[in-house]
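Chain naming follows the written order as A, B and C, and within any one chain the residues start at number 1.
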Amino acid sequence: MRTPFRKTAGKVALWILTFVLMVIMCVPGLWVVLTAFRPNAEVLAKPPVWIPEDPGLTNFAKIFGFAADQVAIPVPSYFANSLIIALTSTAIALLIGMSGGYAFARYRFRFKNGIFLGLMLSRTVPGIALSLPVFIIWSKLGLIDTKPGLIIVYVALNVPFTIWLIDGFFRQIPKEMSEAAQVDGCTRWQAFWKIEFPLAKSGIASAGIFAFLTSWNEYALASNLTRSTDSKTLPVGLMDFTAQFTIDWAGMSAMAVIIIIPALILTFLVQKHLIAGLTFGGVKG
Amino acid sequence: MAEITLDKVVKRYGKLEVVHGIDLKIAHNEFVVLVGPSGCGKSTTLRMIAGLEDISDGAIRIGGDVVNDLPPRKRNISMVFQNYALYPHMSVRENLGFGLKIAKQDPKMIEERVAEAAETLGLDALLDRTPAELSGGQRQRVAMGRAIVRHPEAFLFDEPLSNLDAKLRVQMRTEIKKLHQKVKTTVVYVTHDQVEAMTLADRIVIMRDGNIEQVGTPMEVFDHPLNTFVASFIGSPPMNLLPATVRGGAVHFTDGKSLPVPSRLAGKVRDGQEVTFGLRPDDLTPQGHGIAEGGERAQMELEVILSEPLGTETILYTTIAGQEAQGKMYGPRPVSPGERLVFDVALEKAHLFDAATGRSVAAD
Amino acid sequence: MQTKRPPFWQREKYTPYLLLLPAILTILFVVLLPLIFSFYTSFTGYRLIRPESLWQWVGLRNYERIFGDDDFWAAFVRTIVFLTIALNLEFLLGLGIALLINKITWGQRTLRTIMMFPMMFSPILVGYQFKFVFNDNIGILNNALESLGLSDGAIPWLVDTYLANFAIIFAEVWMSTSVFAILLLAGLFAMPRDPIEAAKVDGCNAWQVFRHITLPFLMPFVFIAMTIRSLDVARAYDIVDVMTGGGPAGRTELLWTLIARTGYDNARMGQANAMGYISIILSIAFTYYFFTKLIASRRYMGGAD
């Protein structure tokens, strides 16, 4: 039916398309990464310098305060804030999510669908719209510009999605497993920790990574609920660069790389589980 | 003593009642099979005995104690699940020893018990594998091994063979029977397969729509079914059930054919009673092709529509009163469709059920 | 005869509620309570600089003012247009990419992993990245066009109305297409071979197979992707904020950036909350719509209950 020529032509077209796609996907990011390793003068040069002529780590040294002409932006404390806030909120969201996800996966109860829908809809509230009342209430409670203030918000932000994912992972484990363990002499609590938890562990870990990245990347709420080095996170800190009259593209790119790295590594780790979790939770209801 | 007693046990899901107050006494070391079509409440009953479902009403006793509010772990029972429910993250050895480990038994004793169970079931070579590396039959054996290591008061089986192919199912069936003879414990076994029930059980409990229809030994329920449901459920091919009317000491079918009322049932029917005439295919045989000659007989000439040779016997399809009926031909010869044969009806094995209630007239 | 019933918190019936309690409490405290509060403030003339104005009831005046405001309507319409274009493009491109990667056998895993990355990027980074790419002076795009001789001057990508909006949609599509691509690819992998083969035997050509077999099968996956996407459409706020800040002169203003400007920069909290409510209803409507579609298509497929 198909001639060999058409077959080969089709294959070539396939590869060209894929190549163009990958260029569009990768070039903007790669350009930022390249910029992070070159001096600002080279960024601004006309005609443009494509391949870095003088690559180095000076930009990183500058933003972390190891170089002579330090940038006036406290990146180390932003980094520490981001890490503390993301890790703490992830840990709490996972505990809450495990408990809730287990309830949805294993029990039948009144208002089950209603509660599930309610939790999911809470996630749809745009961060910026939520930030207004939270900002007012948090100022009354003295939570503005504190780490706990942001942690609480991020827990709430992550709980619905964590429940969705973990529910899916628990569903994949047959109910009979836990029943067998209970007949074998376990309490429900023991059956959970000895049988169901170990089986869902990798799925739960990927839900955790997803929650971590959500917190790590969040901007709309953080930019309005934080003020100072006490609680400002990296994405908010990135905007500090644009506040200056001349944008320090090189420094900003170096900071961008710092924000990207965890995302790249963690994405690579969870990709398989994440797809499984999203589709399973969705398709099999 | 591990006697299990069910006393007016009811199960409701919200307003829906699925088990309607059943009574059952299971003796020590008895092998009891709960059998019935899907949705008859047999699995729910078993799960209530295991403690995996709440009991809505009534009481269940194991060894004399009411266990209604005891969680599964305190009932000292073990269970083999339909999908085996082996723990995929543990080796066979760990699977077998899990229950004892949870009970904080001495590691040496666990070791011994696991070895003992492995030997009983021929699992010695597989102890360090994980469930994923086992075949269906091997998984089945591990599931049984996990049940026996704890020396429980009773074994519960929930359709354990339904995931195996036909050949393996027969093989495992014999192994379960052998196992019961070896370990001698009370067994409650749930299945929808009446052959499994017949071959394994000391006593069969036939259930339908949340009620017990009949309890008895395999031969009792086969020879003396209490109603048309049991009659049609037990035995393969199923019993022929034909509508008829009793008139002047004979059973008249709608097409004008008639047979005498079996003498043992003569006093149990009244003139004009609408009945269902029950006859197993084994008891409807062409003349000269039955198993045993003699006894109370009647003859009927019938047209053969279809024949299915099975080797030692041939199933013959015919019509009585416009309904399909099956007969058997032992020591078969070729039969062509449309051929008319004279059949022997073994009247002493025939049954009569009241048409309105479906109950056997012999039971009243 | 009966053993004593356990206390209520140990009874099976209450366990699921107990397990869900932390989740429900968190959402109540961080989402529902603030939303009730913001609903109230949307009927007051609350300004951040005058705390006593929190008690100044103005009825529907905030809403009246918003609905009479051209800037609001401009932002509202722009947001709807933005979402329509972006979501449709993402779906079509995502479908194309999924079909493409599904055809490729060599290096498929690597491609899939690369596809995942934008999903995990901070929107603020995506915004920054494209602010850099589209910069009129030093951006890689203008540099490349000039080096290739395709343009002689600096094209004002982020200043011109149309170009700026194009740049923002480009960034948004770049960031979110992979959600569709990944999920549709998962759908293609999960697709049984039999119906396709049956259709081929029945005489369908490649397009008919796609139209009548593959696409209906993929629909639940499309709606999962749509539902997930509609959960975070407001992430576009981050992108716009860093790329143009809603400017120049409000020409790239979306509903969300307008809310931020009204609430924080102009300190009109009451009015901002009124707009916030409109954006919330918009988001919930989007999500609810796709969620019901998802349920319906799942039922249509018959497989899972």
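Throughout what follows, contacts are C-beta pairs under 8 Å (C-beta built on N, C-alpha and C of every residue); 3 or more make two chains touch, one makes a residue touch a chain.
By chain, UniProt protein names: A, C = ABC transporter permease subunit; B = sn-glycerol-3-phosphate ABC transporter ATP-binding protein UgpC.
All values derive from a computational prediction rather than experimental measurement.
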Relative to subunit C, chain with the most remote C-alpha centre: B
Highest C-beta pair count, chain pair: A-C
Centre distance in Å when subunit A and subunit C are each reduced to the mean of their C-alpha atoms: 15
Chain centre separation in whole Å, for subunit B relative to subunit A (CA means): 56
Residues of subunit B touching subunit A in the complex: 50-52, 71-73, 77-79, 81-83, 85, 87-89, 98-99, 102-103, 146, 150, 156
Subunit C residues within the subunit A interface of the complex: 13, 15-17, 19-20, 22-24, 26-27, 29-35, 37-38, 41, 97, 100-101, 103-104, 111-125, 128-130, 132-133, 137-138, 140, 143, 146-147, 174, 182-183, 186-187, 190, 220-221, 224, 227-228, 230-231, 233-235, 237-238, 241-242, 256-257, 259-260, 263-264, 269, 272-273, 275-277, 279-280, 283-284, 286-288, 291, 294-295, 298, 303-305
Residues of subunit A that touch subunit B when the two form their complex: 174, 176-177, 179-188, 190, 194-195, 198-199
Subunit C-facing residues of subunit A, complex: 14, 17-18, 21-22, 24-29, 31-32, 35, 43-44, 47-48, 95-97, 99-100, 102-104, 106-107, 109, 112, 115, 117-137, 152-153, 155-156, 159-161, 163, 213, 216-220, 223-224, 235, 238-239, 242, 249, 252-253, 256, 259-260, 263-264, 266-268, 271, 274-276, 278-279, 282-285
